[in-house]
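Heads up, there are several structures right after this.
After this come two complexes, each holding subunit A, first together with subunit B and then together with subunit C.
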Partner chain A sequence: MDSASAIDLSRPAARGLSRSLRGGLRGGEYTWALAFVVPYIAVFLTFVAYPVVYGLWMGSEPGLYRELFADPIYQSTVVNTVLYLALGVNVKMFLALLLSGFFMRPGWWSKVLLLIFVLPWAVPAISTFISIHWMLNGEWGFLNNVLYKLFHVEGPYWLNDRWTALGAVIVSHIWKWTPFWTLILLAGRMAIPLDIRDTARVDGATGLRGFVYITFPLLANLYLICTLLSTIFLLGDFTAVYFVSGGGPANSTHVLATLGIREAFEIANPRLGVAAVMSALPLVIPLVIVLMRKLRTAEVQL
Partner chain B sequence: MSMIAADTRAADARLASSVAAAHAAVRRRRHLETVGVVVLSAIILVWTILPIYNMILISFEPEGDVFTDHIWPRVLSIESFWGVLTQGHWYLEHFWRQFANSLYMGAWVTLLTLVIGSLTSFSIGRMRIRYGWLVSNAALLTYVIPASFLAIPFYRIMQNYGMANNLWSVIASLVAFATPYAFFVLQEYGRSIPIEVDESARIDGASPIQIYLRIYLPLMAPALVAVGTYAMLLAWNEYLYQFLLLSSKSSMTVPVALAQFLNSDQSPWNYMMATAIIYALPPVAIYYAFRRRMTAGLTMGGVKG
Partner chain C sequence: MAHLTRRSMLRGSAALAAANTLAFPHVAKAAATTATVWFAQGFVQDEDVALRKAVADYEKASGNKIELSIIPFAPERQKIISALTSGVVPDMVDSNPGEILQLYAYQDKWVDVSDVVETQKSQFSDTALQAVQAFNNVTKKRSTYGVPLRSGVVPCHIWKSLVEKAGMKTEDMPKTWDAYFDFFKKVQDNLRKQGERKVYGLGFQVTSNGVDPWNLFMAFLIAYGGQDIVTKDGKPHLDDPKVKQAAIKAAAYLGGAYRDGYVPPSAINWNDADDNNAFHAKLMVMDVDGTLSTEVAIKDKHPEWYFNEIVTHGAPGYPNDNQGKPVPSIVGFQSGLIPKGANNVTVAKDLLKFLIQPKVLGELVETGLGRALPVMPSLGKTPFWQNPKDPHLKGYVQQGLFGPTQPDYYVYNVAMAEVRTQHVLSNAMIDVAKEGVKPEVAIDKAFKRIEEILAKYKTA
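After this line comes the complex of A and B, so read on.
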């Protein structure tokens, strides 16, 4: 009895000491913990950190950037990338915000509709983007067939003009990714406690007023994080551009991700390709810093 | 209605009529809302379905019919599906091999992501290893680096390692990019399991590997399903790394083979779309099977990282 209480008294002190020494783990356990974390560290160092350093080294010659900035294709690529980012991210996120409200409606219909609505996200990108590419074919594409059959309008050759082709890419991206962000914002709306919504409704905050004063302030942080994340994801989006417009016509609809691959593998100048991608760093680095900070504190906010 | 009627029986007619007017207004608003919902639903439906409908339409066309202008299927021909399944077109002569490659790749990416992700989250979240935050930050950083930006150096490195044209180079890259998300979701989910569960097993003399296998993994099953589905879908959606790293017809995966169709002007579009549909079936089936768990995982990942 006495010895038991003595142990009980001495334990917390001993544990406190060992915790401060090696994270609360006893010797053998510490080895285990280390062994568990080693596979990920190995993967990270070999397949992420090393390529990052290698890439930085490949793109470190200032001469590359002089060559790059003088290239008219690069200049139009930057314009495209900015347009793609501005429209792709914001239209998509705004639609997702509205649609997530729509899908909050009770009843079987919105549940069934939601099941269909997430299809673009569940179907592999390559399948649907190839389908869209063919759909927009000027001569035999489905879209122009519909325009002709229903309205007797000869549709344009969508992918033969820079602006319609770029528009097609942006719309395809929105088509593919709106469901994903809608699901996330929908979950965010669901996470708003019911009594807040009820109280707001009793106080007369319904419809637009409820959205402006109650829902959006509560969703704002999530919305911001989603927007930032989606900016990064879109910047790295290769598939939509590559399959819908293929960078054409005449290399006028490239974005940085596809231009980098083109320089590296079609023109066989990998360093220039890396430089093209690295020229996005002034945008990527602040984004990453803000995002990492936001994501680390997100838990507290929501 | 009846209560209102009972209450207003004694009251004056003006009140009754104003109540009726209010009811009519409510009814009209509800009516309008229904119309709005129907219109919006129709737009969403058409918008969502269009590219998928186009895919199905063309895949069911006989070979010569692709270059016509109809918007409804005239004859339902399964010629192209049959052609894919029997490898009947010269574009498709390795279809089953390539499909097997995709499956092999998807399965390994899923398995490795689950194993590495759960081990890491166990060590950092449950055993609270010192400097665990450093690893979390490394994962966070990986999560926010666009994978396509690393493609060129990654390709060079794989060539140096002699791993070009090897499925394992693709698996490695996908595991590297899928694990951070897995780690975050598992970490978040693990918070809902009291640490005392581990502590009591520890006091009973269980070693960390026993706690991991017998307690942690079973309790984490729902999150593991979500993460596994995510990793599989990621692998199935990926194109760039497969395209760069796999070049021979027998080591290729389906997306790379599919993209090769585009090289020719007179592509057999019906075969292409049939291939695209067959390729899309596994992820769609898996998504709908695990949808509920998926959504929960997504939220955690999306909100938290």
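After this line comes the complex of A and C, so read on.
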């Protein structure tokens, strides 16, 4: 076969490929489509792809991880992060599940209570966490003063010990974010069709039985998605630790996010800070994959 | 009727842009004379007022435009590090924190400003001139990368009223180091006997947050004879028995005072502002804390505290060492820095030359209520600083400008900046205070860690 005939033979295929790439659009239509889509792609590349790639690049040197793992604070930080996630997420989500059932009760008073209940979530995080930091001060903090005034008991120095300080951080996080997840689960409960609940009631599935056999199975997927999302959010959250315990005493209550901030801006080593946060990727990536799979599940899992 | 097409729209936009450039040529001119400047927010509003006035005066005198951003301390530090990392930098920043000058000069990130400093070189204190020097690991030379603007030392803030309530007098305070601090233990003992449940003699920041614990430890280290931990040539002397003994004594005194109950227990987790708050709440009789922020913060609201109840150092002044010799104070400097890659180095340098004129600099610190010290000895002799009716300024300027002073150790060796931010010595102090570790053991561990950090930085 000569070269001319080869070109001839490939022409229809090339035309077909070109048309399919253009999505069946012709001439000016295609230009306009490009004009609309290019800004979106530019924004996506600038504000989504670039920061992620830049972050990966910053934390890509193996030497950074050697330095990080050699840091005596890092090991305790990993333990804190695991505890913070395990307790912070699960206790919060379980409470939110229970409270969402409570707020399903009819009556104006439950609406008023709900309004009060969401306040911790609605007010700015920084000011509330700073207030908690001061409230827990051993000498002049509100909590110990109340304990002394009411019971003549000298309260502990909450922020002086690693475990009470970390406990204070976890409780503060739960207090702050339980209302939000309660609202999400409340919306999930309200989406359960009334006829399913009525039918279950007729069949005798009331109270705990109704929850175990009807409500929870219908909410399970949402609950799991919320748990995964909350875990991902919490991994990147530094406000509670930063403002309640400040990572102290003696840097014993850091989590990966606050350690990253410390390395980046206090030690003035941004690459090491990024590496600290990146070291959570082996946990984050599987979480995101599971989350994506769950989000693809369309039907109700009864 | 003409139809709007894609091409006609593009043509129109291009024509409009060209017309705009021709019609408003001053926009281009303004860009060449505009500089972006970042400064850390002052502790009191008067400091920001003073800075804004100085910048406005410069704009008036030069015709240049300064886009000044006054940013809270921690966010500014984050912005500076982010800017230097990304390469998108302003034209001038202040050294927040102080060690940023040496840390980034080491990486060749600052413009050499020797020519700016030269314009007032004879005016600056020797310590100021030393403090703005840094080693550049790219050029392998030391040079001047900062322009000293303001400074601060670590004075002793004392509730005179609490001392008197304990039946003692500030006039009776001993002049030598240990006896000076032991005096406040007696004050606490007496106050406790009177039924004061929660008042502590000493406000030591036995913590690993912020800059206070390093400043505190260094003051004690120097007082106990460990001044040569790093010498001017940048060489560390961790194996010098005199240095090691001084570090052990410092950890022992500071940690011991905490263990003995003379320091508020919450000090173990204080941040830089907590000790100020605790002092204002009269939780402790004295606080060793950098600058006069403790005093000037309450000057407006509680003038009676400022003028009658709180004193700086007390009658003996800053204490001498245990042998009676004056103890050098470490001076921290706020310097003007110009990042490499800045768009308008010329205007930034011009602004700095304006700011370091003695008249401008003097007004800057005095309008700021004297929280920060001047960096020129001549400026410390003014009636403002020597005012006999003010119980703070004279003692403070004596300690930080006319007494023996030295720059921080990271000026001599950049690795000490990381030793400081890693809180290596603070952790030794905490080990003694909280865990009851022997001071010798705590310092051995700390010195080992310092050696590891020193090994990371190679200086000429």
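The definition used in the following text is that the second predicted complex is superposed on the first by the 254 of 302 C-alpha atoms of A that agree within 3 Å, B and C clash if a C-alpha of one lies under 4 Å from a C-alpha of the other, contacts with A are read in each partner's own complex, and residues count from 1 in each chain.
FYI, a contact is a pair of C-beta atoms (placed from the backbone, for glycine too) under 8 Å apart; a residue touches a chain by one contact, two chains touch by 3 or more.
These numbers were taken from a predicted model, which means no experiment stands behind them.
Asker: Overlaying the two complexes on subunit A, which is it for subunit B and subunit C: clash or fit?
Answerer: Overlaying the two structures gives a clash between subunit B and subunit C.
Asker: Looking at A:Arg296 after the superposition, I want to know if it touches subunit B, subunit C, both of them or none. Which is it: first, second, both, neither?
Answerer: The answer is first: A:Arg296 touches subunit B but not subunit C.
Asker: Could you tell me if A:Tyr40 is touching subunit B, subunit C, both of them or neither one (first, second, both, neither)?
Answerer: A:Tyr40 contacts subunit B only, not subunit C.
Asker: Which partner does A:Ile225 reach: the first (subunit B), the second (subunit C), both, or neither?
Answerer: first
Asker: Answer with first, second, both or neither: which of subunit B and subunit C does A:Trp140 touch in the superposed model?
Answerer: Both partners, subunit B and subunit C.
Asker: So, A:Glu29: does it touch subunit B (first), subunit C (second), both, or neither?
Answerer: Only subunit B; A:Glu29 stays clear of subunit C.
Asker: Of the partners subunit B and subunit C, which touch A:Ala268 in the superposed model: first, second, both, neither?
Answerer: Second partner only, subunit C.
Asker: A:Pro124 contacts which: subunit B (first), subunit C (second), both, neither?
Answerer: First partner only.
Asker: Would you mind checking which one, subunit B or subunit C, touches more residues on subunit A?
Answerer: Of the two chains, more subunit A residues are contacted by B.
Asker: If we overlay the two complexes on their shared chain A, which of subunit B and subunit C does A:Asp195 touch? Say first, second, both or neither.
Answerer: neither
Asker: Out of 77-85, 257-265, 275-283 or 293-301, where does subunit B collide with subunit C after the chain A superposition?
Answerer: Answer for the clashing stretch of subunit B: 257-265.
Asker: Touching subunit B in one complex and subunit C in the other: list those residues of subunit A.
Answerer: Correct list for subunit A: 32, 139-140, 246, 264-265, 270.
Asker: Would you tell me which residues of subunit A are touching subunit B in their complex?
Answerer: So the residues of subunit A touching subunit B come out as 22-25, 28-30, 32-34, 36-37, 39-41, 43-44, 46-52, 54-55, 58, 99, 102, 105, 109, 113, 115-120, 122-128, 130-135, 139-140, 142, 145-146, 148-149, 175, 179-180, 183-184, 187-188, 191, 222, 225-226, 229, 232-233, 235-239, 242-243, 246, 257, 260-261, 264-265, 270, 273-274, 277, 280, 284, 287-288, 291-292, 295-296, 298-299, 302.
Asker: Given the complex with subunit A, which residues does subunit C contribute to the contact?
Answerer: Going through subunit C, the ones touching subunit A are 6, 74, 77-78, 81-82, 85, 99-100, 103-104, 198, 207-209, 264-266, 268-269, 271, 278, 281, 283, 417-418, 421-423, 426-427, 430, 434.
Asker: Spell out the part of subunit A that touches subunit C in their complex, as residue ranges.
Answerer: 31-32, 35, 137-140, 157, 159-160, 165, 245-251, 264-268, 270
Asker: Give every residue of subunit B touching subunit A within the complex, in rising order.
Answerer: Contacts found on subunit B: 37, 40-41, 44-45, 47-52, 54-55, 57-58, 66-71, 115-117, 119-120, 122-124, 127-130, 132, 135, 137-142, 144-157, 172-173, 175-177, 179, 183, 207-209, 212, 233, 236-237, 239-240, 244, 255, 258-259, 261-262, 269, 272-273, 276-277, 279-280, 283-284, 287-288, 291, 295-296, 298-299, 302-305.
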